Amino acid sequence: MHVVLSIGGSSIIPEGKPDIAFLKAMALTIKKSKNSFGILCGGGTVARTYAAAARELGAGEYEADSIAITSTRQNAQLVMAALAGAGVDVYRRVLTDFEDAKGPARDNKVVVMGGTIPGITTDTDSVLLAEAIGAQRLVNISNVDAVYDSDPRKNPSAKKFQKMAYDELIGLAASSDKRMAGTNFIFDMLACRLIARSRIETHFVSFRKMADVENAIEGKKHNGTVVSS
Amino acid sequence: MHVVLSIGGSSIIPEGKPDIAFLKAMALTIKKSKNSFGILCGGGTVARTYAAAARELGAGEYEADSIAITSTRQNAQLVMAALAGAGVDVYRRVLTDFEDAKGPARDNKVVVMGGTIPGITTDTDSVLLAEAIGAQRLVNISNVDAVYDSDPRKNPSAKKFQKMAYDELIGLAASSDKRMAGTNFIFDMLACRLIARSRIETHFVSFRKMADVENAIEGKKHNGTVVSS
Amino acid sequence: MHVVLSIGGSSIIPEGKPDIAFLKAMALTIKKSKNSFGILCGGGTVARTYAAAARELGAGEYEADSIAITSTRQNAQLVMAALAGAGVDVYRRVLTDFEDAKGPARDNKVVVMGGTIPGITTDTDSVLLAEAIGAQRLVNISNVDAVYDSDPRKNPSAKKFQKMAYDELIGLAASSDKRMAGTNFIFDMLACRLIARSRIETHFVSFRKMADVENAIEGKKHNGTVVSS
Amino acid sequence: MHVVLSIGGSSIIPEGKPDIAFLKAMALTIKKSKNSFGILCGGGTVARTYAAAARELGAGEYEADSIAITSTRQNAQLVMAALAGAGVDVYRRVLTDFEDAKGPARDNKVVVMGGTIPGITTDTDSVLLAEAIGAQRLVNISNVDAVYDSDPRKNPSAKKFQKMAYDELIGLAASSDKRMAGTNFIFDMLACRLIARSRIETHFVSFRKMADVENAIEGKKHNGTVVSS
Amino acid sequence: MHVVLSIGGSSIIPEGKPDIAFLKAMALTIKKSKNSFGILCGGGTVARTYAAAARELGAGEYEADSIAITSTRQNAQLVMAALAGAGVDVYRRVLTDFEDAKGPARDNKVVVMGGTIPGITTDTDSVLLAEAIGAQRLVNISNVDAVYDSDPRKNPSAKKFQKMAYDELIGLAASSDKRMAGTNFIFDMLACRLIARSRIETHFVSFRKMADVENAIEGKKHNGTVVSS
Amino acid sequence: MHVVLSIGGSSIIPEGKPDIAFLKAMALTIKKSKNSFGILCGGGTVARTYAAAARELGAGEYEADSIAITSTRQNAQLVMAALAGAGVDVYRRVLTDFEDAKGPARDNKVVVMGGTIPGITTDTDSVLLAEAIGAQRLVNISNVDAVYDSDPRKNPSAKKFQKMAYDELIGLAASSDKRMAGTNFIFDMLACRLIARSRIETHFVSFRKMADVENAIEGKKHNGTVVSS
């Protein structure tokens, strides 16, 4: 079975310093699994530092996105190194195009990517990678441990979802979308729509809880959220 | 000034037969203008025929999008032929990557593209092309003559907008988005958000009203809708 | 054994509507066979519609060929979808370069292509694909069921060939070549010369007779024509 | 006006030793002309040496062609060096794809190519280059000074053509084509057909007569052959 | 006149934070100059952080170099943003291949690159860029203000060179090369040999002394070192 | 185990005529071995002829290197043909980028390359190929049978090394480096440093002594030189 992992940049390189322990743990988890994997890496603080500098120098949003995408690919190189170091049969090239992922994925090699084009998030990229390689499960690994009905860092009584239908997730994303700019929902609207159109079972877990990550990968019960039809 | 034109597939090849008259008129309009142009072409009926056949053969949404993108590029070849035939200084290659558009656009050559990757619409592609080449005006040319508060083909009392703010357009797209699948708003949500983030003045006009198209291109008053901040 | 199939565009999408039944039958035939396959797809009516429109807009023959090649590639996408849908181990990318076919072919994946460059026919492309991947058999699948000494649609007493030597086919192509423009022989002169230089056993069968197609693929007796040394 | 020059490999590197004098003379001729140029270089003895060795090692015709194409590109690098050395505004990259020639040609840069794909001759490549960049004149520069009705090296009374129609050239190529393998006509059949379809005025001159080369380039009278409609 | 600037990563992003003031000053200096420019960017601390993490995860030197090259390209994106922001006619794509630099450089666009392949330094890359675009002057901008006969940070009586011949620089690089690993000379041995083979006038100045940078660019007297024949 | 072979151009095509016997012997040796191979081919006399002609026409060192690299790739095509002819599972494309070698090498296909970029030698390229594909052994096959402390063709009492440490080889390369231009040491300085940094066991043997070549490939005792830590 093909599984796509979407790994947040802040999990890979929190505060500008690669989290070697997490990367090694992640690689071992993949090594142990019988599934095949596509991995989509996010940006994080280095991405944001470069994007902010580009804007300060006069760049527009397209160029700011472009320079941040470079960080997602550099993070992907790091994940690739971790996997190779753990003896995983990883394709030794960070891909920049979903099409290139199909061949290695069919040969059951782990493929690793960063972002693709400006204007879309790595959430969306991860779903497109899943569609491209025919993955029916997507695991979103970030610094939030599940989907909540409001931001748990601000609202102590925020309700965590254990299971959700695609439409519920879309509804939640839409209502979050209406709030002020800067309020990011855990998964962007387009990504939500794409998992719905292709019926991809999607799990939300925290990189700080490797047991949840492992269970999500294998489709077992965990403390995060599962979205399905 | 750089202007991006987003031309619907049904304008280029309605009912599977290229509209030579429209293509020649469009080319002449561009020839006469002093602006520089990026052009993004949509799919239309041939695209939908191939996509439907692919699905019938077992393909998923990603592959259906891919085969439809081929049609958008073939339409772009046709638009390129029309421009070359009219003596326009058009870049003689249909581009598939926004990055490749920057160089020719800076040399004031007209660049022509179709879609880029599965999962995003040619609406979104047109805004990303605008961002990439630094166009501050976008003209959406389709078979609908303006933005309405409801579908004018179904609701005779639908109200046409002459001017809108980005937020109004986003609001309208969001409320349309909630309706049943298949109800397409004139511009997809992501495209709406992207014109807002880059403050791109966006015009909606019909390909059946070339005077409106010309006026929109030059930033003059017309019978369609203008969205700006 | 590697076998190349050259499938005419009019077999894939007769009158602008994909022939789902033929595509599924073709895919099943390939699925059942123990051979490895390279597939070269032709253009058909959509290709001709776009090429004619391009010429009407002022394009030359090179550009008309280019826009038609896009259709051959779109047809190839459809054939690829049919094969994937039938569970065939098909390489999931329509190739545009013979060189790219070698690797997947050696891994016994089915490779699918459309045309390559203007000025040469998909007949010629199919022979070059055969040479590139080392196929010793080529099956030409079109709407004509065999090689005849004159056009069977015009001459009811046209003689069908069951077996021919390369030189005979070349002689026939040459004498057809002398006639007025527009009179197309079943296989173009360059393609004839290339199968001769590489001693590729070539079969001509109709897409309407799947039993003949199957037999030709396996090198068994059929109602079409076999050309060999 | 765009002119394509097809320069035989034996003119560039006769007997494995580059003809510096010819290359410098050719570059000066181009430097002096007001026309824009596309140049297509042939192979010659080095190409034949490598191709023969490849066959001796077991390679087929496709691979033999491929290794010979590398020589045509190396010859093109030499021609590029000669042009750069003479101060010609030459595009500093040997092209391998006709599409890449369009942009630089439109900017009036001289473009230089070798062969493209196996199975077609550099004669054919030169016509396709002419079509791609819109050249209406083609000058074939080889070690034969004109088109003759039979091989002048074998038949002292061979008749030289001063002017020919496309159909006459095609007829001559066809009758030559019937002879034994190894008897090469000055221009291959497909190339003949392609100049006819695009009405490209084609001149045949010898590299040993630079005055003829210069006159052919400018469309003036010379001692070779002119083919036109 | 073409001038190549080799800008150290520690000048662009000292301590992981882009030096906006330096980048703006650099861009203005380029904007004011009448020369044409090729710019080669180094890595710096982010590059070293990622390379160290890769090694810690088990990567070899080739992979460590690869991940560091990504940082050089990200720095190049930042320099490109600074130039675009200052209104410089910069080619809007970070190049990864010297060949791609030739065309834009001939059109007098500023080209920006990072490193190219593992195993060679950005010093060497900068000289190859200079050779490729025909630059006869190279300005090395780093955190050292000149060439010294020993490390000025360790040896207070280190002698600064104002002028040097290529052989002297090579001799100095060779004797530095003999010392313990980790002792880096200001310009690597291969880079020294390449400026010598192509007689490229090379200036060494500090990014902290913009007046020196400006003078070096214009070939005027400055407080750094000039190496020539 | 992965082994890289660096084969000198003068071994492949001495005096402009391919050495078929050597190529066949080399292919058989590879066929018999249980190791996996990466092969890096040098230039030889054809490369030097073209490079000299380019310089005579005014080209600089970068362009002279570029035209010579084409010969290394043509030699690689010949080696590929020899391997295919001997039934070796060779990747059927001459690679130009180390990254492309990783995938086929991991699938235990033999990969064949020529040079990569101007300014670095094929010695260096061979070490980078070894690093890229993780080869721990490199066999340098040239017309010199071992490493000597001085040129054995000039000094009859030159001492041959049977074993050397990396530092000894570097020391020897450095002292050779100081001599006059044109005095080439058997392995260039950068290549020496790279085998040292990645601890690649390196063998120097002559192409005239196939028994030595075979033993070196298998890591057995031979009459050439072994460099290790």
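As written, the chains take the letters A, B, C, D, E and F, and residue 1 is the first residue of each chain.
Operating definition for what follows: a contact is a pair of C-beta atoms (placed from the backbone, for glycine too) under 8 Å apart; a residue touches a chain by one contact, two chains touch by 3 or more.
Quick caveat, the model's predicted, so the values are computed rather than measured.
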item	value
Between chain B and chain C, centroid-to-centroid distance (C-alpha), Å	36
Distance from chain D to chain B - Cα centre to Cα centre, in angstrom	43
Interface hub residues of chain E, defined as touching at least two other chains	none
Arrangement of touching chains [line / ring / star / complete / other]	other
Every chain pair meeting the contact rule	A-B, A-C, A-E, A-F, B-C, B-D, B-E, C-D, C-F, D-E, D-F, E-F
Footprint of chain D on chain E - complex, ascending	99, 102-103, 106
Chain D residues touching chain F - in the complex, by the definition given at the top	16-18, 20, 23-24, 27, 46, 49-50, 53-54, 56-59, 63, 66-67, 70-71, 73-74, 77-78, 81-82, 84-86
Complex contact set, residues of chain A against chain B	60-62, 98, 116-120, 124, 127-128, 131-132, 134, 174, 177-178, 189-190, 194, 197-198
Chain C residues touching chain A - in the complex, by the definition given at the top	89, 91-93, 104
